[in-house]
Amino acid sequence: MAIKAPFQLLMLLGIVFLADQENPFLFKSNRVQTLFENENGHIRLLQRFDKRSKIFDNLQNYRLLEYNSKPHTLFLPQQNDADFILAVLSGKAILTVLKPNDRNSFNLQRGDIIKLPAGTIAYLANRDDKEDLRVLDLAIPVNRQGQIQSFLLFGSENQQSFLSGFSKNILQAAFNADYEEIERVLIEEHQKELQHRRDLRDRRRQQSQESNVIVKVSREQIEELSKNAKSSSKKSVSSESEPFNLGNREPIYSNKFGNFFEITPEKNPQLKDLDILVNAVEIKEGSLLLPHYNSRATVIVIAVEGKGEFELVGHRNENQQEQREEDEEEEEEGQEKSRQVQRYRARLSPGDVFVIPAGHPVAVSASSNLYLVGFGINAENNQRNFLAGEEDNVISQIHRPVKELAFPGSAQQVDRLLKNQKQSYFANAQPQQREEESQRKRGHISSILGGF
Amino acid sequence: MAIKAPFQLLMLLGIVFLADQENPFLFKSNRVQTLFENENGHIRLLQRFDKRSKIFDNLQNYRLLEYNSKPHTLFLPQQNDADFILAVLSGKAILTVLKPNDRNSFNLQRGDIIKLPAGTIAYLANRDDKEDLRVLDLAIPVNRQGQIQSFLLFGSENQQSFLSGFSKNILQAAFNADYEEIERVLIEEHQKELQHRRDLRDRRRQQSQESNVIVKVSREQIEELSKNAKSSSKKSVSSESEPFNLGNREPIYSNKFGNFFEITPEKNPQLKDLDILVNAVEIKEGSLLLPHYNSRATVIVIAVEGKGEFELVGHRNENQQEQREEDEEEEEEGQEKSRQVQRYRARLSPGDVFVIPAGHPVAVSASSNLYLVGFGINAENNQRNFLAGEEDNVISQIHRPVKELAFPGSAQQVDRLLKNQKQSYFANAQPQQREEESQRKRGHISSILGGF
Amino acid sequence: MAIKAPFQLLMLLGIVFLADQENPFLFKSNRVQTLFENENGHIRLLQRFDKRSKIFDNLQNYRLLEYNSKPHTLFLPQQNDADFILAVLSGKAILTVLKPNDRNSFNLQRGDIIKLPAGTIAYLANRDDKEDLRVLDLAIPVNRQGQIQSFLLFGSENQQSFLSGFSKNILQAAFNADYEEIERVLIEEHQKELQHRRDLRDRRRQQSQESNVIVKVSREQIEELSKNAKSSSKKSVSSESEPFNLGNREPIYSNKFGNFFEITPEKNPQLKDLDILVNAVEIKEGSLLLPHYNSRATVIVIAVEGKGEFELVGHRNENQQEQREEDEEEEEEGQEKSRQVQRYRARLSPGDVFVIPAGHPVAVSASSNLYLVGFGINAENNQRNFLAGEEDNVISQIHRPVKELAFPGSAQQVDRLLKNQKQSYFANAQPQQREEESQRKRGHISSILGGF
């Protein structure tokens, strides 16, 4: 790595400049692939974590999808060979989940979470008159590692119904009908048919949009879908198959600077099965989520609204991308010998994704009200340890003589310093004791958060 | 892939010709390796699934074995570093399973299933006077992924007892006896010993066949093995360690065209432990197992008796064999963007194996009474969704307005079409409404099933 | 493999010479990497099992560490991204485990076992006045396969506190204090600061050793750490989070030649969670742990004290190191066809490690009192089958007619031979019936154990 020498020099000078693309924990919007897009909405898929960096070995079989649709639209029926955890970021939806001899519809709103098991045929309507629907999906494929296959029940121009994969004979026997009827009623016509047919279809498509994955639906149709639709429980998050809301439970951390909501596998059987936690964090403008780390969960975080910045502390060598095969042995040795820490930081805008591996300390500050949603894998028995603040501060628990031995200051100095921060979990990103000064110099917050 | 261009042309013409070797879901008998064979029987091992196609990532640690022996023979004691699920296809056996201070013998017959845990010393006798014994084993190795090691308790010409691996000193101390006695009584003599010894042994071998893995046994010896042998319960399939029979429970699907028996992990602790389901399907001559898919299980199916054909619907790019390392990224992208479906079909003869990945629709027709046995991995909470027929037809569950939007026909037309098939699960492969016509044209069934 | 031909010749001659480095089951001390060392102690890490040999596929995510420290020293606080099972080999320790709002201290002594979950901040003191502390750690990483990252709470010359990874602004806001104070009290000073500071620190370091991972502690400090420290229960091994002792339970095998202590996942929830067993074996001088194999566990064994020899029986081709990628297919085929057994043996000295894969028979003899500690992975439902001795001898369980068919001797001869060994589990490595003779020839034991 020719880059190493000047980089180390910069380290010595206490300066770290990492371009976003060199920060392996950050996934900007250019790391996203559009699977489908039309005037009614889109579906996007984040790059494979393990293709980005070998750090994410344990995320090989996790993918992140974002679904976005306009008011009064429907995402047509399909099934995928992956388990999904859906989290509604904004808007109002009706999700219908089919079973062989039954169906369930659910009203979903911001903060609702539901598991959609692999192979389930489902469709999703945006039932709102005005607001776009945004849904985040964590997908865990069941066939191939990290790869999702979709099977559509309907045909379109570029995509075929999976029914069309069967031969005429099988379809005739299966439906006990003539192939022409089956084709006419269930299967989109062949691409290479006569032109006048194509023209006919084109006209019809104006009305029914049957050739698209996301189509418009009328108010009446929405109403029919809404019948018997259940909403997430107001009281409980322990439902086996119904949606539950992140806001149903009290925040696990809360003060005037922010709120932290979390549902762990221990609380919900849908999450337990996949060993996933889901959380939502609100950080008020000018506030800081205090430095902390997760003991065993790796958390994939999406910036939903607002702006801010994260700092993640890792080791020097983690910034090695796309070098999976070479020098494994050498790299391993280096990794184990070097304990040089490195700061990975980046500004956050809506749509950005960052990953916090287990054991890695992180802090997040908000330059405008920031709303984050996170999926944690390997979540069972995860414990969050704070490194500053009044409560849950693991440093406070160290025996006095060990403080003396471990830190340059005396135990007394350490204790005095630790008590300076009266807040827990969230605090002012611009500390009170220096508030006067900073109130004088306006724009200080922006210099804290944006100034590198 | 130079093959692509003409292939796509054929697709456009609506014609797909796939040689069997290009159908990655099919394993014909040339994909089998003989591990052992003599006049008394043989043991065969199917090619590794993941070596055939990268589709089968999740089958890396599953192997399929077939064991076949003549009447009144014994498969001598050995242990393997793999868990086995045994399924008796035909014949009558006595399986003896040894424990450190106990042993259990079981009478086995067609449809019996039993788990043989890794490292267990066992031996298997064909106790029938006339019929060959055929046993299918799904093996799940505990040491190396996808590789099975056998340890024989006895020595033979090409194979050594694992006792012979210890040094003379250790054996003398272990058995508290002279090495000569140990060698004479427990261990097969050295290959390079003097010729007259070899001659002696050759004569002795005529009587005892000690040099083979599968040896003849007398009626009296069979009788001794049968003592205290238990049979599979007539009532229950929930035994912890004893065999259970696929036919003990009512078929889960049944009509005059076929029967479908299945035992899922939820029903039996031996299967639960390994997350395996086992099923057996009888399709009557001229009948069709209706199109359906498994929501999360991948099922390995063996054609035991009869002839027929399967059609499996997948994506275009799944037909990529032996390209594991190259163009991962590119392939992934292609896979995710393309939703072109492709039909994979093949005729089935006894001994053929095919694999149905989760989410992939499949239909099977029988040109003569067809008997299939299947092992499903990732089986817990698997759900079978039918795409045609009266019951468990997931398409029927779609809301009317969504039918309207998803299919080219109107909701009314879709419903009418779906109701045409009065049967469920199994149906006539040659539909009744066209029966007259087809009865006129004799041989129509064979043209349905064999005509491509 | 050019080596093959002469090697096979040696096999035919009944002679096997394997250099230690060609014995893939053995890890001598040169296979160890020193992670840290000073005058107070050291931490060492064994080579990755899977880098040594492809046999150890299933050990990819297991690492073995050894920690060694002088009396009255402290291993300073850190956390690791791996679960640890600690086994105390010798000495007396106080382990302190921190939680966000609590801490627990434990007195540990020889034979104590405790699980330290990933991400837990902990520190370990040697509380003894004279004896060195030796602790063995089995580590199971949670982020990257087979790789452990340590995060130190304190800074030193070559290593940085993970607090120092955050920016000044974040630290100021987090601790609500000036950066200068934070740096002075919690963070080791910069390497490139002015020389006179460095000199000051160097002087201070003489007193406090704050720059090292393992530092001296005074008797008074030890005393403060000991307050409220709990010891392992005398009665139970089923503690959820407290240490338990291998000697708390009766040995599972015991006679005058040796003792075998074992705690399986079924007995302890800390082990159950990770599917690990822990055992300790004492083999008296001149005694033999009889040939046996584990049905499903792979056991990593460390020679703690004494000298001896192990013999492990495997297949010929297992002696293939560092050929991971090439000839997979070919090798697989060979492996499955060949059942040629091979003896792998080596002398054992303190610090040596050997691995016993599932299903592989092993015997261990002691030339001086030998003390072994083992970690078994894949331990649930593991069963130990002995191949010689009175009890738990699986060969005794074979039906008479099968003995007749499987072994060269008659069933009567086999039974007579098996009854020769009156002992179980452990026996005299120099059998009694030949004792007179061997007492005449002095040095016979050493020729048994050391003579190859």
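Letters A, B and C mark the chains in the order given here, with residues in each chain numbered from 1 onward.
Keep this in mind: a residue touches a chain if its C-beta (ideal position, glycine included) is under 8 Å from a C-beta of that chain, and two chains touch if they have at least 3 such contacts.
None of the values given here were measured: they were computed from a predicted structure.
J.: Should the pattern of chain-chain touching be classed as line, ring, star, complete or other?
T.: Topology of the interface graph: complete, with all chain pairs in contact.
J.: Validating interface symmetry: for the copies subunit A and subunit B, is the fraction of residue numbers used by both over half? Same or different.
T.: Subunit A vs subunit B: different; shared/all numbers falls short of half.
J.: For the Cα fit of subunit B against subunit C, please give the angle of the superposing rotation, nearest 5 degrees.
T.: Superposing the C-alpha atoms of subunit B on subunit C needs a rotation of 120 degrees.
J.: How many angstrom between the C-alpha centroids of subunit B and subunit A?
T.: 39
J.: Where in subunit B do residues touch at least two different other chains?
T.: Residues: none.
J.: Can you name the residues of subunit C that touch subunit A in the complex?
T.: Subunit C reaches subunit A through residues 33, 35, 45, 48, 51, 74, 76-77, 79-81, 96, 98-103, 117-121, 123, 142-145, 147-155, 158-167, 169-170, 172-177, 181-182, 184-192, 208-210, 215, 217, 220-221, 224-225.
J.: Taking the complex as given, what residues does subunit C use to touch subunit B?
T.: 12, 14, 54-55, 57-58, 288, 290-291, 293-296, 298, 311, 313-315, 329, 332-333, 335-337, 339-343, 345, 357-361, 363, 365, 378, 381, 383-389, 391-395, 397-402, 404-409, 413-414, 417-418, 420-423, 427-434, 448, 452
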